[in-house]
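Next, two complexes with subunit A in common: one pairs it with subunit B, the other with subunit C.
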Partner chain A sequence: MDLLLDAIVLGLLVGCFYAAVSVGLSVAFGLLDVPHIAHPAFLVLGAYGTYMLNRMGWDPILAGVALMPAFMLLGIAVYRFYYETFERRGSDAGLRGLAFFFGVVFIVEVGLVMVFGVDQRLVEAPYIGKSLAVGDMRLPLRLLVAFAMALVLTIGLSLYLSKTFTGRAIKAVAQDETALRLMGANPVRIKQWAFGIATAVTGLAGALLIIVGPVEPTIDRVYIGRTFCVVVLAGLGSMSGTLVAGIILGISESIVLTLLGASWAPAVSFGLLLVMLGIRPQGLFGR
Partner chain B sequence: MALELTIENIDAGYGAVRALQGVSMHVGNGETAALLGTNGNGKSTLMKCVMGMVRPTRGTLMLTIDGVEHDLTKLSTEEIVNIGVAMVPEGRRLFPRLTVEENLLLGAFRPQARAEIAKNASFCYEAFPLLKERRRQLAGSMSGGQQQMLAIARALMSSPKLLLVDEPSVGLAPILVSQTITKIKELKEQYGLTVLMAEQNFHQAIRIADRGYIIVHGEIVFDGNVAELEKNDLVKNYYLGTAA
Partner chain C sequence: MKSIRLFAAWLSAALLMAAATAQAQGTSGQPIKIGIGIAQTGALSGGGKAALVALQLWVDDVNAKGGLLNRKVELISYDDQSSPAVTPGIYTKLLDIDKVDLLIAPYATVPTAPLMPLVKQRNLLLMGNFSFQVNHTVKHDMWFNNAPWNDASSWSDGFFSTGGRLGATTVAFLAADQEFAQNLANGARELSKKLGLKTVYEQNYPPSTVDFSAMIRAIRAAKPDLVFVASYPNDSAAIVRAVNEIGVGPSVKLFGGGMVGLQFTPIMESLGSMMNGIVNYNTYVPGMDYPGIKNYFERYSKRAIAAKVDPLGYYITPFNYAIGQMIEQAVTATKSLDHKVLAAYLRKNEMKTIVGPIRYGPDGEWASPRVITTQFRGIGDKNVDQFKLPGKQVILSPASVKTGEIVAPFEKARK
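So, the complex of A and B:
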C-alpha cells in the first residue's frame, strides 16, 4: 500500500513535468495543426543548451530562461521554412510536413552526437541530489522544482492564450484562416509567432528535462510517445487539459513501473494514446 | 465623418472564369446599398474584391474616409479591416470551437477597436441579449439564426465605418430573415454605418435599402433607388420572374 502511495505521489510530480515538456507541442500540434514530431528533439536541444550554460556556472533554470529568445528565433525560422516549402503548397502538407520534421529530428540528433558525443550529461545545482522528507516519503527536490516550473509554464501559457488578442488569434487560426483575416490579423504571422512561442517554451522545458535526469542525444525518442500522448489525451490545444493529462500519464507510468517493472513503462504512453483515440478522440478537454 | 465607396469598371474572375465584368457602383455616406442577384451572378466576388480577397484584373476600387483616399486594390485584407471596413461573410465563418465571447473579442482585434471594446461589447449584448446569455457557449453549437447574430455582432466589434454583409438570409427561416434584416437597419442607424449588403431576397433587402444594384452574369443590369427598382419591368422580368 505504501508502495502504491509512493508511486502515486511520484507520478503526480513526474506528471506535471510531463505537462511542462508537452505544452509547446500542445500549441504547435494542438492549435496550429503542425505535425511537429521534432518537438522532443528541440526539448533535448534545450537540455544541451542548459548543460553548456551550467558548465559556465549558470543555474539551470536561469539558463533555460536565457535560452528562450534564441529558441523563439529558431522556432520562427523553422516555421517560416516549413510554411514556404510545405504548408503554402496545400493539401498534403500534413504528410510531407511529417517527413520534414522527421528530417529535423535527425539533424538535431546527429548534430548533438557530433558536438557532445553519446555520453550522458547532467547539470549541477544546489537542489539536485537532495530530497525533502514528508512523513515516510522522500521527495527529490529536483522533481519539486520541475513541478513548480511546470505549473508556472502551463498557467502562464494558458493565460496568454485566453487573455491577449494575439493569444486568442492563435487559438482561432487553425479553425478558419480567412475569417481571421477578416478580423484584421495576418494568419501566417500569427502562426509564426505562435510557433516561436511554442519553441521558446520548449527551450525552457529542456532545462527541466536535464534537471530531472541525465540526458543523451537520442533521449527525444522516449519523449515522442509521452508528449504526443499528453497532447492528445488533453484534447488538442487545451492547456489546463495538458496538466491533467500529464498527471494521468505520470501516475499510470509510475504505477506500472512499481507493479510490473521498468520494461513495461514505455508502453504506457502509447497504450493511453491508443485507448484515448479509440474511445474519445477529441481528448478529455477537447472542444 | 464622411465615407464614400467608388467602384469603377472592375473585372474579376477565377482563372478562365469571368465573374465580374465592368462593374461600377457608388455607395455614399450613411447609405444602405443592396446588391441583388441570384446565386452565381458575382455578388460574393464583388464583396471579396472590396475586402481585398479577390483582386480585380481591371478597374478601380476607391474608399474615401474623412477625406483620405484608400486604393483598395493595393491593400491586403488585414489593412482594409484596419481602415474601418468589416464584413459579415457568407456562411458566417465563426470560429466554431471558440466561445461566443472569444469570437466577439477577436472581432476587436484591430488596434483602433481595442480601446472601444467595453463600449462595443455592451452595445452588442444590448442589441443581442441572447449572446450575453450564451457568451460561454461554443459558437459552433448555436443555431443558424444565433450564429448569424454573432457574426454581425463580431463585425461590429471592430468599430467599422463601412459594413459589408454577404447574404445574411442564407439558411435562415423566413421569420429570422426578416428579423435579421430589420436588425441590420437598426444597427446601421445607431452606429452611423454605411452598409453594402449582398442579398438574394429582393423583398427583404429593399425594405432597408436606399439604393439597389441588380447583378446578372457579372454585370450590373440595373441600378436605382428603391421606388425605381420596384416598378421597373426589367426587374420584374429578369429578377422576380413575374413578367407583366
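So, the complex of A and C:
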C-alpha cells in the first residue's frame, strides 16, 4: 500500500514535469497547427543554455527564465522562415512541413554535438540530489521544483490566453483565421508571436529537463512521443488539459511500473492515447 | 653482332632495374591503410570520439618512428552513427573501395555484431574494440578483442565475490532492457545463483525511462543485501541521483556492479560526492602502472580537450591505443600484412601494451580477464583533478591489482 501511495505521489510529480515540457507544443501544435516535431530539440537547446549559465554560477531556474527572451526571438525567426518557405506557398501540408522541422531537429542536434560534444551534461543546484521527507516517503526536491514550475507555466499561459487581447487573438487564429483577418488583425503576426511564446516557454521547460535528469544532444528523441501524446490526450490547445493529461500519464506510468514492471511503462502513453482517440477523439478538454 | 647482343642485354637489365625500382617505390610509397567505422554521432559517440583520438595518436606515434615496414600508416574512419545497420556497408566500402590493409572493429558490441559474418566469410583479421561476446557464436579464429574481459561473469565477479565475503544472502537486480545490459545482468544472475543468493527484486527498465525514484523506492522496500545495476550512462547518472534522494535503506551492503557512465569524466565530475560508496566495474583507474601509460595520458589529454571529448579517458582510450600497439608488434615481428600470419602471431605471443601484457584465449578474448571492481571513496564536488589521484577509486579485485578493502554497508561508505 505504501508503495502504491509512493507511486501515485511520484507519478504526480513526474506528470507535472511532462506537462511542463509539453505546454509549448500545446500552443505550437495544438493552437497553431504547426507540425512542430522540433519541439523536444528546442527543449534540449534550452537545457544546454541552462547548463552554460549554470557553469557560470546561475541557478538553473533563473537561467531558464533568462533564456526565455532569446528563445522568443528564436521562435519568431523559425516561424517566419517556416511561413515564408512553406505556409505562404501553401506547401506546409503533409510531409513537407514535417520535413522542415525534421531538418531543424538535425541542425540542433549536430550543432549541440559540435559545440558541447556528445557527453552527458548535468547541472548543480541546492535542490538537486536532496529530498523532502514526509513520513516514510521521500520526495525529490528537483521533482517538486518541476511540479511548481509546471503549475506556474500552465496557469500563466492559461491566464495569458484567456485574459489578454493578444492571447484571445491567438485562440481566435486557431479557430478561424479568415474571420480574424476580417477583423483587421494580421494572423501571420499573431501566429508568429504565438510561436515565439511557445518557444520561450520551451526555454524554461528545457531548464526543468536538465534539472530532472542528465541530457545529451539526442535526448530529444525520448520526448517526441510523450509530448505529442500529452498534447493530443489533453485536447489540442488546452493548457489546463495539458496539465491534467501530463498528470494522468505520469501517475499511470508510475503505477504500471510499480505493479507490472518498468518495461510496460512506455506502452502506457500510447495505450492511453489509443483509448482516448477511440472514446473521445477531441481529447480530454478539446471542443 | 656482338655489340647488338651486348646492347640488348644492357637494355634488358636497365628495363628490369627500372621495373624493380618502380615496384619498390610503389610499395614503400603507398601507406598501410587501416580501416574503422566508429561512432562519432549517436548514443555511442562519447566513447567512439575518444577512441578515435587515441587511435590517431598511435598512428602519429608510429609514423614519427618511420611507419610500419617502411611505409606510413593511414587511418581511414567513417561514422557508423552508433547504428548496427550501417556497419556492414561501411566495412564493405573500406575493403572494396578504399582497399584497406587491416581492419579495426567499431566501438562497442551492437555495431560490431553484424560485422562478424562478413569478416568470417572473407577470412579477415579483426581487432575488436570494447565489444562483448560478439564472437561467442560466430567463433571466428582471427578475432582479437582489446577489452579486458571474456565471459559475462568476468564483469561482475568482483562485485559478487565481495558481496559473498560480506555475508550477503539477498540481491536486487535493476537492468536496462537492452542487449548489452541484459547480457551483463544474466552473467550476474548466474554468479548470484552460485552464491545461493535469493532475488528479492528484479526490474528491467526501458531505455526511455525518465525518472528512477519509484524503482529506488521499491528496492528500499525489498531490503536487499546487494543491489546489482546494469545501466547506460544517462540512466546511471539518474539512478545515482535517485539513490541520493530516496536512499536504498540500511540493509544494502553493496550498490552498483555494472553501471556504464560512472567511468566517464563529465558524469563523474557532475555527480561528485553522490558516487561515494558505489562499487562498480572499471577497466583502468589511476594507480595502475604500466610502461608508457603515464606519458600516453599526458598526450591524450591535450588532444581530448581540443576534440571536446573525455579529458581523462581512462576507461576506453588506452585500450584503443593498445590496438595500434598490437598491430605494430605483430606487423614488425612477422614483416607481413597477411591476415593469417598476423592472426597466428597474435594468438601465440604476449602483446606488450600500455594497458599491460595481453595474452589471448582460443576465442580471441583475454585469456586472463582483468575487469577491476572499485569503490568510490572520499569524492568531493566540482573537482575533475581529484579523479587523477590514486585512492579515489579503491580497487577491490582482482587480487593482482587490489589497493584496498571494501567499506560496508553502503550507507556507511557514503559518509
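One rule holds for everything that comes next: the second predicted complex is superposed on the first by the 284 of 287 C-alpha atoms of A that agree within 3 Å, B and C clash if a C-alpha of one lies under 4 Å from a C-alpha of the other, contacts with A are read in each partner's own complex, and residues count from 1 in each chain.
Just so it is clear, a residue touches a chain if its C-beta (ideal position, glycine included) is under 8 Å from a C-beta of that chain, and two chains touch if they have at least 3 such contacts.
Treat the numbers as computed from the prediction; the structure is a model and nothing was measured.
A.B. asks: Thinking of the overlay built on chain A, is A:Arg280 touched by subunit B (first), by subunit C (second), by both, or by neither?
C.D. replies: neither
A.B. asks: Could you tell me if A:Ala185 is touching subunit B, subunit C, both of them or neither one (first, second, both, neither)?
C.D. replies: first
A.B. asks: Determine, under the contact definition given at the top, whether A:Arg89 touches first (subunit B), second (subunit C), both, or neither.
C.D. replies: So A:Arg89 meets neither subunit B nor subunit C here.
A.B. asks: Of subunit B and subunit C, which one touches more of subunit A's residues?
C.D. replies: Result: the larger residue contact count on subunit A belongs to C.
A.B. asks: Quick check on the superposed pair: does A:Arg55 touch subunit B, subunit C, both, or neither? Answer first, second, both or neither.
C.D. replies: So A:Arg55 meets neither subunit B nor subunit C here.
A.B. asks: For subunit A, what residues appear in both contact lists, the one with subunit B and the one with subunit C?
C.D. replies: Comparing the two interfaces on subunit A, one with subunit B and one with subunit C, no residues are shared.
A.B. asks: Inside the complex, what are the residues of subunit A that reach subunit B?
C.D. replies: Residues of subunit A touching subunit B: 162, 165, 168-169, 171-172, 175-176, 178-186, 287.
A.B. asks: State the interface residues of subunit B toward subunit A in the complex, per the touch definition above.
C.D. replies: For this pair, the touching residues of subunit B are 51, 53, 76-78, 81-82, 86-87, 89, 93-98, 102, 105-110, 114, 138, 154, 158.
A.B. asks: Using the touch definition up top, name the residues of subunit A that touch subunit C in the complex.
C.D. replies: Its residues touching subunit C are 2-3, 6-7, 10-11, 14, 17, 110, 113, 116-122, 124, 128-131, 138, 140-143, 212-214, 216, 218-219, 222, 225, 254, 257-258, 261-263, 265-266.
A.B. asks: Would you pull the subunit C residues touching subunit A in the complex into a rising list?
C.D. replies: The touching residues are 41-43, 45-46, 49, 177, 203-211, 213-215, 217-218, 221, 233-234, 237-238, 241-242, 244-247, 261, 264-267, 270-271, 274, 308-310, 381-382.
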